[in-house]
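Before anything else, here's the structure in question.
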Amino acid sequence: MPTILGQNQYGKAENRVVKITRDGATHHIKDLNVSVALSGDMDDVHYSGSNANCLPTDTTKNTVYAFAKEYGIESAEQFGIHLARHFVTSQEPIHRARIRIEEYAWERIETSDANSKFIGADEVKHSFVRKGQETRLTQITFDGENWEIISGLKDLIVMNSTNSEFWGYVKDKYTTLQEAYDRILATQVSSRWRFNWTDDEQKMPNWEKSYEQVKKHMLQAFAETYSLSLQQTLYQMGARIINNRSEIDEVRFSLPNKHHFLVDLEPFGLKNDNEVYFAADRPYGLIEATILRDGCEARIPVDMTNL
Amino acid sequence: MPTILGQNQYGKAENRVVKITRDGATHHIKDLNVSVALSGDMDDVHYSGSNANCLPTDTTKNTVYAFAKEYGIESAEQFGIHLARHFVTSQEPIHRARIRIEEYAWERIETSDANSKFIGADEVKHSFVRKGQETRLTQITFDGENWEIISGLKDLIVMNSTNSEFWGYVKDKYTTLQEAYDRILATQVSSRWRFNWTDDEQKMPNWEKSYEQVKKHMLQAFAETYSLSLQQTLYQMGARIINNRSEIDEVRFSLPNKHHFLVDLEPFGLKNDNEVYFAADRPYGLIEATILRDGCEARIPVDMTNL
Amino acid sequence: MPTILGQNQYGKAENRVVKITRDGATHHIKDLNVSVALSGDMDDVHYSGSNANCLPTDTTKNTVYAFAKEYGIESAEQFGIHLARHFVTSQEPIHRARIRIEEYAWERIETSDANSKFIGADEVKHSFVRKGQETRLTQITFDGENWEIISGLKDLIVMNSTNSEFWGYVKDKYTTLQEAYDRILATQVSSRWRFNWTDDEQKMPNWEKSYEQVKKHMLQAFAETYSLSLQQTLYQMGARIINNRSEIDEVRFSLPNKHHFLVDLEPFGLKNDNEVYFAADRPYGLIEATILRDGCEARIPVDMTNL
Amino acid sequence: MPTILGQNQYGKAENRVVKITRDGATHHIKDLNVSVALSGDMDDVHYSGSNANCLPTDTTKNTVYAFAKEYGIESAEQFGIHLARHFVTSQEPIHRARIRIEEYAWERIETSDANSKFIGADEVKHSFVRKGQETRLTQITFDGENWEIISGLKDLIVMNSTNSEFWGYVKDKYTTLQEAYDRILATQVSSRWRFNWTDDEQKMPNWEKSYEQVKKHMLQAFAETYSLSLQQTLYQMGARIINNRSEIDEVRFSLPNKHHFLVDLEPFGLKNDNEVYFAADRPYGLIEATILRDGCEARIPVDMTNL
C-alpha cells in the first residue's frame, strides 16, 4: 500500500450540556459545550471500515450527559478530567483522550423587593442572565499516565484610550505609516495557559479560583502597561500571569490589533483632538506569542489560540 | 412605462464610530454602529441614473463622524436625532431620514493598588473591557415634522431553571409532545419599544435612564413570572414596561424558545431529577407579539425584531 | 387593564427537512429550512397562560416532517401551500398561517468512468455537492381565503469590473467623495418578488421554472446595464423581471454597495490602472427599493429583504 | 527575569485584494484574502517595546497590494511565494514568513443574445457571480532556504444518500445507538494537502491544475466509496489524492459527520422508507486524520484543518 494513516482522532463535538444544581430554592448553573476526541488503535476502521475498536461518537455524547449526573460539574477542568480518564481506562483500544470545553457564564437576575411578594418568596433564586463577556475554555488531554491541562478564554474585548505609542520601526520602500504618540490600543483577547499539574499524585489546582485570578491579572496588565507596541503589552500580560500564578508555566496569546483610526475632520473645518475614531474590521494586525516560565518547555500549539 | 418605482431609501450603513471624551485623566467611551437611510425625491436616480438629487452615501458617512465631534454623543437616541434633523432640513430633496444605531457597552477595568504605583497615578481611568451582554438599539425617524423613536435590544439571553409549565394545549393527530409541569424556560430576547415623544415641543425623555429602567423591568418580569407559556411571560414583560414607563406606548418582542431538553438517563440506570439538560439549537419555538398601552396605535413593524 | 395585546404569532422556526426521492438508483434531494408562524384567537394564552387554543410548536414541527412524506416536496412554494392550508383549515382558532422556507441547492458529483466499474454501476446517482451560491427563499401566507406568495433569494454576490460610473451628485459641506468614471460595481443581492397568484381558482405558476427565470433575468440585467448609480441598476433588475415574468407584480431589493476601492500605489512608484482593489467590509452603501407593475399595490414589507 | 519569550509571529491579517486583469474587453478576476505572519529577531519589541527590528504590519499590507500590481496574481500559491521570499530576503531581522491565503471563485454571468445588442457588443465579458461553493486555501512558509506549501479547501458540503452503513462497533454501558445499514453520509470537508516542492531548484507544480485535480479526486472518492464508516471514506479520499497526484505527499481532513436522522413517522401512521430526514446541527461526530505517502513525514499541524 503506497499510502499510510497518520495522526487521527474522532469523537462527538459540541455536546451542549446544562447542569442545574438545586440547593433548596437556590439554583446553580453550569453551561458547557463539550467536544470529545479519542485516539488509539484505529487503523482498521480507516483501512477496512471494521468498527470493532470503535466506540461510537454517539456513545461519547451519552457519556457526557451521564457524567454530568454521576459526577456533577464542579468545574470544566474537573469534568473533563473525569471524561478523559474514563475513555482511556475503560476502552483498551483508546490510548489518548482530548476533551475540549467551552463554558458560558451566567449571573443572577436581581429581583425587586416589591414584586417578590407576588411569588411568595423573599427572592427569586432560579433566574439568570448570560454574562456574555468572554468564553472560558479548557482542553484536557490524558494518555493513561500524564495529564496536560490547557485552559484559556476567547472574545474578551479590551481597549486603552491612551498610553499607547508606536514609532521607531523599520521603514522600507512600502512603508507609509505615520508614527503615533497617542493612539487607541484595542484587541480581542484569545489566550491559552498551561498548568504544571500533570499527574494524579500532585495537588490539583483550584480551577475556578485560578481562572478568576488569571483573568484579573491579564486585564490589569493590559490596563497598567504603558504600551510602545502591542507585542510589549502582550508580553506583560503573559509575564504577569506567570509571575502571579505558580500553577501555570506557559501562556500563549493571539491578539488582533483592532485598529481605531483617527478620522480626518479637517475637510469639515473641525479639529479631531483624539476624540473621534473609525473602528475598522479588516485588515488587522495580528500579534501572537508564547510566554514561558524560564526553564519550561513550550507545548501550546501555535494555531490553538486561533480556533 | 409598465413598471414604476415604489418605496425606496438609501444611505451608508454600519458606520462604526467610537467617541472618547476626556475628563482630565478619566476617559469615557461611546461605541456606536450607525446606519443612515434617506428617502425623498429620488425617482430620477432610479429611472435615468441622474444623481442631481442624490447626496452620496459617502457624505452621510462623513456627517456621522463630523457630528460626533460637533455634537458629541450624549446618547444614541440624541445622536440619531441630530443626524436625522440635519439630513431632512438641509437637503430639499430628502423628505425622510431613518437612523438606526447599535450601541456596545463597556465597563472599566479595575486596576490594582499595587501596580498602579508603577504608572505614577492613583488609578487607571482609560482602560475598558466590553460588557458583551446585550446590544442596545435605536431607530430614529423624522419626516420634517414628527419624530418616531423606537429603541430596543437584542441578544439578551435569560433562563429560569424552574417555575415554568406547559400543558393543556391542543392535541391533533401530529401531536406527540408530553405535557411539562417543571421545565427550563430560556430565551434570547429581541425587543423594541416605541416612545410617545414625537415632536420638539414635548419634553424629551432621559434616554439613558429610560434604557436602564426598561431593561431592569424586562428582566424582573421574566424572573418573577410563574410561566404557563412563553406567550404569557412575554406579555408580562411587555406589560411591566408599559405600566412602569410612561414614556413608552408600545413594546414588541421576538422570543425564540431556546429549548433545554431533559436528557433520558434511564438507559444508563440513572434518574434525571431536573438536573441534566441538552441545550438544542434548531428548531426552536418562536413567539412574537406586540403589547400596547390601551388606546395607542401599533407602529413597530412585525419583522423589525428579527433584524 | 391598561395594556392590550397587539399583533402576535408563534410556531416552530428552522425545521431542517431533507427529502430523498428514489427513482431507481437515481436519487433526488430537496433540502429545506421551514419556519411556521401561526396567528388567530390567541389572547388567552398571552393574558392568562391558558393553552386551550394553542397548537404546540412541537406539533407544527411534526407536521412539517409528516407532510414531507404525505405530499412530497415538489417545490418550496407548493410545500408551504400544503402546510399553510392545513393549519388554517384544521384548527378553528388559527386564522392565519405564514410559512417561511429557505432552500439549499445541490448538484450531482460527476464520477469517473474508470472508478465507476469498482462499484458495478455505470454511474453514481446518489452523490451530491452543495452548490453554495445563493439561498432560495419563499414566504407563503394564507388567511383562509387568499394566498400571498413572496419568493426570493439572498447572498447572491455579483460584480461588474467596469461599465459603472458615479458623478453629478449633490455636494454639501461634508462631501469629499471624488467623482468616478470607471469603477467596480459589486453587491450581495437580497431580493423578494410577489406573485399575482392569490386564490385557488387561478392557475398556479410553475414555481421551479419561475425561480430559474427570475434569477436569470436579474443576473442579465445586472450584467447588461451600463450603470450611472446602483439605484439605476437596481431599477433595471426589477423592471426586467416584471417585464419578462407575467406571474410577478412586485419586486424588492436590498443591495449593499460592496465597495472596491482602488488602492493608491503611487507612494511605491506604481500606477494603478484600474487593476488592484481593496474590498472593504464596513461601512457600505445600502440601496433599497421596490419596483411595481404599474397599477399594482406594494405589499412586500420594507424590512423583509434585510432578514 | 523569570519569564521568557517563546514562539512569536506578527503581521497584517485578512488583506482583501481583488485583481482585475483586462484582456481587451474580457476581464479576469482574482479575489484573495491574504494574511502575513513574520518571525525572527523580535525579542526587543516584546521585552522593551523597541521597534527597531519591526517592519510595521501596515507595511506588510501595502506590500500585498503593491505586489498584486508588480507580479500579478497567477495563482494564490505563486503570489504567496513572491510575498514570503520578499519579507525574508529584504529584512535581515525577519527569518521566516508564513503567508495564508483564502481564495473566492467567480464565474461569468452568461448574457442574453437579445439584450447584448443594446450595449453594442457581442457579449458582456466583465460581469461575474461568485461561485460560493468551497473556499480555496493555501499556506506558504519560507525560512530563507526551504519552502513548505500546504494548500486546501474548506466548507465543501457533500452528501451520499445511500451506500453508507455503520455497525459492528464497541458497545459499552453508555451505548444506545442502533446499527445502521443504509444511512445518509454527509460532511463539510475541511482539508489541507502538502506539496513535495520545497526548494527553488525543483520544477514548480502547476498550482491551478493541481487544485482542480485534487478537488475532483476528493469528490469522486467520496462518491464512489461504499462506506462502512466515515473514517474509511476519509482514508479513501486521502489515498485517492496521494495515488493520483505525485506532487502531494500528505493530506489531512477534518470531517464533521453532518447527521441526517431518519424521522420517526410511525406516530402519524406513516412509514419512513429512507425518505424524510432531520438535518441536525449539534452535536456532530468529528473525524480527523492524516494520510501520508509511505515513507514521508507528517508536517500538517493537527489543528490546522479546524481554523
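Going by the order they are written in, the chains are A, B, C and D; count residues from 1 in each one.
To be clear about the criterion, contacts are C-beta pairs under 8 Å (C-beta built on N, C-alpha and C of every residue); 3 or more make two chains touch, one makes a residue touch a chain.
In this text the structure is predicted, and so the values were computed from the model without any measurement.
The two sequence copies chain A and chain D touch through a face in which the numbers common to both exceed half of the numbers used overall. The rotation relating chain B to chain D, fitted on Cα atoms, amounts to 180°, rounded to the nearest 5. Distance between chain centres (mean CA atoms), chain A to chain C: 37 Å. Here the spacing of chain A and chain D, counted between their Cα centres, is 25 Å. Between the Cα centres of chain C and chain D there is a gap of 28 Å.
Among all residues of chain B, those that touch two or more other chains are 15-16, 62, 66, 174, 176, 267-268, 281-282. For chain D in complex with chain C, the residues that touch the partner chain are 16-22, 27, 29, 31, 62, 65-66, 68-70, 106, 109-112, 115-116, 118-119, 124, 126-134, 155-163, 184, 219-220, 222-224, 226, 260, 263, 265, 267-268, 270, 272, 274-281. Within the complex formed with chain D, the chain A residues making contact are 1-16, 35, 37, 42, 45-59, 61-63, 66, 90-91, 93, 166-172, 174-177, 227-229, 231-232, 234-235, 238-239, 242-243, 250, 252, 256-257, 282-294, 298, 301-304, 306-307. By the touch criterion given at the top, residues 173-174, 176, 267-268, 281-282 of chain C touch chain A in their complex.
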